[in-house]
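Comments concern the structure below.
Residue numbering begins at 1 within each chain, and the chains themselves are lettered A, B, C and D in the order written.
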């Protein structure tokens, strides 16, 4: 990749960096369960780039949605209007998620542990929490039933913790897990413990260790992610701007 | 009722007599689960007479069907086209029948015992039946879950048996049971044993006993059903003829 | 894809196969093709075996039947089904016999990736005694005993629908039976359709199956006859009545099958 | 029927009440009327409490919440929900906390007249530890352990829909959430609708609730704002964003509720 094609790493925000790296992992034909925030942006970015025919599924019941604009909530009218099919929420969870029909499930978390278990419920004790978070939503079943899980989360010692305050979602038992952060990419090694397999441009392994609350395993062959291209950045920003444009 | 209004009992077939008496029991607003044969005719006859607003539900998934013609099968196009709503068969059995939303469920049987348990499965042993019957269909759940059950069956010692060859449907636990035959009407007395509560015009209690395979209980105050009126007979025959008319 | 090729590729002797369609949209053409391909030892699954399984059973394609109502709706018996059960002709037929609610929920469990489903029903009946795929479980909250059915997960489910679009998405409308559940419970699924269209137009009371839930889609106009496809045909009630006499006699049945099915051409009866 | 009268008749202090609508068709007007009527000690059920329950909780109407995702979708926290859980303001809030799949199936069990439902999920999570309405049962056929949720059967379920006909049949279309299940699981059900029409016209992707499944139908145009009714309005994403600041501060929240809700007139925010 030439310097011309690459956007300088300093130009992109941490969230843009995560979103672009998450989008790169999607392929045509994959069925993606998409939530609000970066997953939503990543999946729709992939549709504009290498995966125009990846299938977007929203837990609100929209299957095969092809939003023109970036939806703000998972229940936006644009999702329903462009979907191949709408199903009830019980059917979505029983037949489509529980039935194992999702290739890639996106998840976020307030805390993640060394085995990629996730907490989205509370910081502090459950009975008297310091911070009450939104809770489970569809995450536990997506974690349990999708063929692969893509966790998008910013790297910090408060987030990458030795011990979760609450286990909301158990790490993927069925297939692959990938954790994409603003510093790099982690995957479970044999035994299930996360291992740093790639860092983003300009990031050193020690930066990642500093942001991780346990002694981090680092792959023997540590890779470096490609910097975001100008096209990736432009498309992502145009996509975000689209959320504010009228239909 | 004057003789002019009444059709002579000899003019109507046993099936017409049962159908007309079954139709009389339906009221506006009742939700009726209807199967093929006499139940279908009875429910649609009631809609032409005293219960134009009774709600017809077919286990094929049609809710609030208003067929113009008498449907031949429970999956006729006319039922689907005139229904307020169509639902899948699992939803029909789980939400509508199992959920206890049926006021009157119609059932038939090859054998019925003194407690109104029904056999529609086999005559003879199950492994090597003398006659293999169609089987359960929706009957066990209709029997278990409807607020009342209306059994329509011709009276004979082969049908009214002391011991069923096979218990397909257990007698109504939840509400009322009424058994309408070509000889009269039976209802469970205290303890659940069927009691003859009415006979049709010209029928003597002993005729019913002769057609029943156990020692029949007879109500102290045995009633006599009204003979079919000319209007009832005319409407029923017109309804049956309608099944053969194009839409 | 040609129906012949789709079935040859996906359906093999000994498999568990469901052809679904509740009165409406019964995939008769696919059933006839299975007969022509001489499939043997199938475990057939269908809520209402109907004429199509009467034919498959009578032609010796099946050794086992999972079902819930084996009659000719509004007419009477399925004589080939009866002959197999009562006399073992042309071969014995093992039965796994449910109520409608039971089999509908067995498909639903299969579609949900669950090993079983719970429902009301079966208690006190002889059905539970003779069907090993029915059991009882206690509610962990109330202690109440409810029935359970084992999931049905066919090797192949086959349905008939009105339309497919150029991507292979399939839409059916009208009485939808248990087809979505049968397709999603199966390891492979095949749809025959009345019409190939460019784009599916959203319709009232319709079910859409995305292309990625199906293994093959075949254009077979009239493929439900003598059942029907709402918007394309009406149920051939005369044929359902006529079948009673055709199927009553073994020779008459075999002659009809030779002439109308084995000869290959799918002609309206 | 007037919404005021329908709620006064059916909803009493201490009841279990579900206002459903998954992002789409949230019955805000009905929630506001419950606040004006000063209901107390309610057990509120909703998959996504959303702004409507943030308001009911902040106004002291609820002592218990059965839910599965308590955030402001795409924006962040529900501050009144957090304040009740973290600080017991204006009163403590007991939580019964599910995953989406769990609560969706709890409604489904309720609609089916079953005491519980089985599903995949919960195994190994702390959710099962803290929620007495979650348990585990063994498959009677395979021995596999699956999770079970206790049925939810609200005293009253309230939904918003697009249309009712002159008989009181109600039709909604677009994202249908869990509304049919909530209505059928409840002892009584109330629908507010955008429009009263003479006859319902069948529509794609719609759910129809027959009049006899509902206790009352009320004509309340705009009754979902700031949520939306497909075909009538769009989601007021600006208000969802603005709520973050309104609800963050107790006094600001109370002032807003006094001006916009207690004052009686339902004005777009």
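In this section, contacts are C-beta pairs under 8 Å (C-beta built on N, C-alpha and C of every residue); 3 or more make two chains touch, one makes a residue touch a chain.
All of these numbers come straight from a predicted model, not from anything done at the bench.
Visitor: Round to the nearest whole Å and give the separation of the Cα centres of chain C and chain D.
Guide: Roughly 39 Å separates the two chain centres.
Visitor: Roughly how far is chain B from chain C, centre to centre by C-alpha average, rounded to an integer in Å?
Guide: Those two chain centres are 28 Å apart.
Visitor: Could you list the positions in chain D whose residues touch two or more of the other chains?
Guide: Only 108, 112-114, 119-120, 180-181, 205 qualify.
Visitor: Please output the residue numbers of chain A that touch at least 2 other chains, ranges allowed.
Guide: 85, 94, 98, 145
Visitor: Between the chains shown, work out who touches whom and classify the graph as line, ring, star, complete or other.
Guide: other
Visitor: State which pairs of chains touch, listing all of them.
Guide: Contacting pairs: A-C, A-D, B-C, B-D, C-D.
Visitor: Please give the residue numbers of chain C that touch chain B in the complex, ascending.
Guide: 22-24, 47-48, 67-71, 73-74, 77-78, 81-82, 85-86, 97-101, 104-105, 107-108, 119-127, 130, 174-178, 180-181, 205, 207, 228, 230, 234-235, 237, 240
Visitor: Which part of chain A faces chain D closely enough to touch in the complex?
Guide: Against chain D, chain A makes touches at 36-37, 59-62, 72-77, 79-81, 85-86, 88-90, 93-94, 97-98, 121, 126, 128-141, 144-145, 166-170.
Visitor: Which residues, counting only chain B, touch chain D once they are in their complex?
Guide: Residues in contact with chain D: 29, 31, 55, 63-64, 84-85, 94-95, 98-101, 145.
Visitor: Which residues of chain C touch chain A once you look at their complex with the stated criterion?
Guide: Checking each residue of chain C against chain A gives 108, 111-114, 169, 180-181, 184, 200, 208, 210, 212-213.
Visitor: Quick one: which bits of chain C touch chain D in the complex? Just the residue numbers, please.
Guide: 112-120, 133, 135-137, 139-142, 144, 146, 148, 150, 202-206
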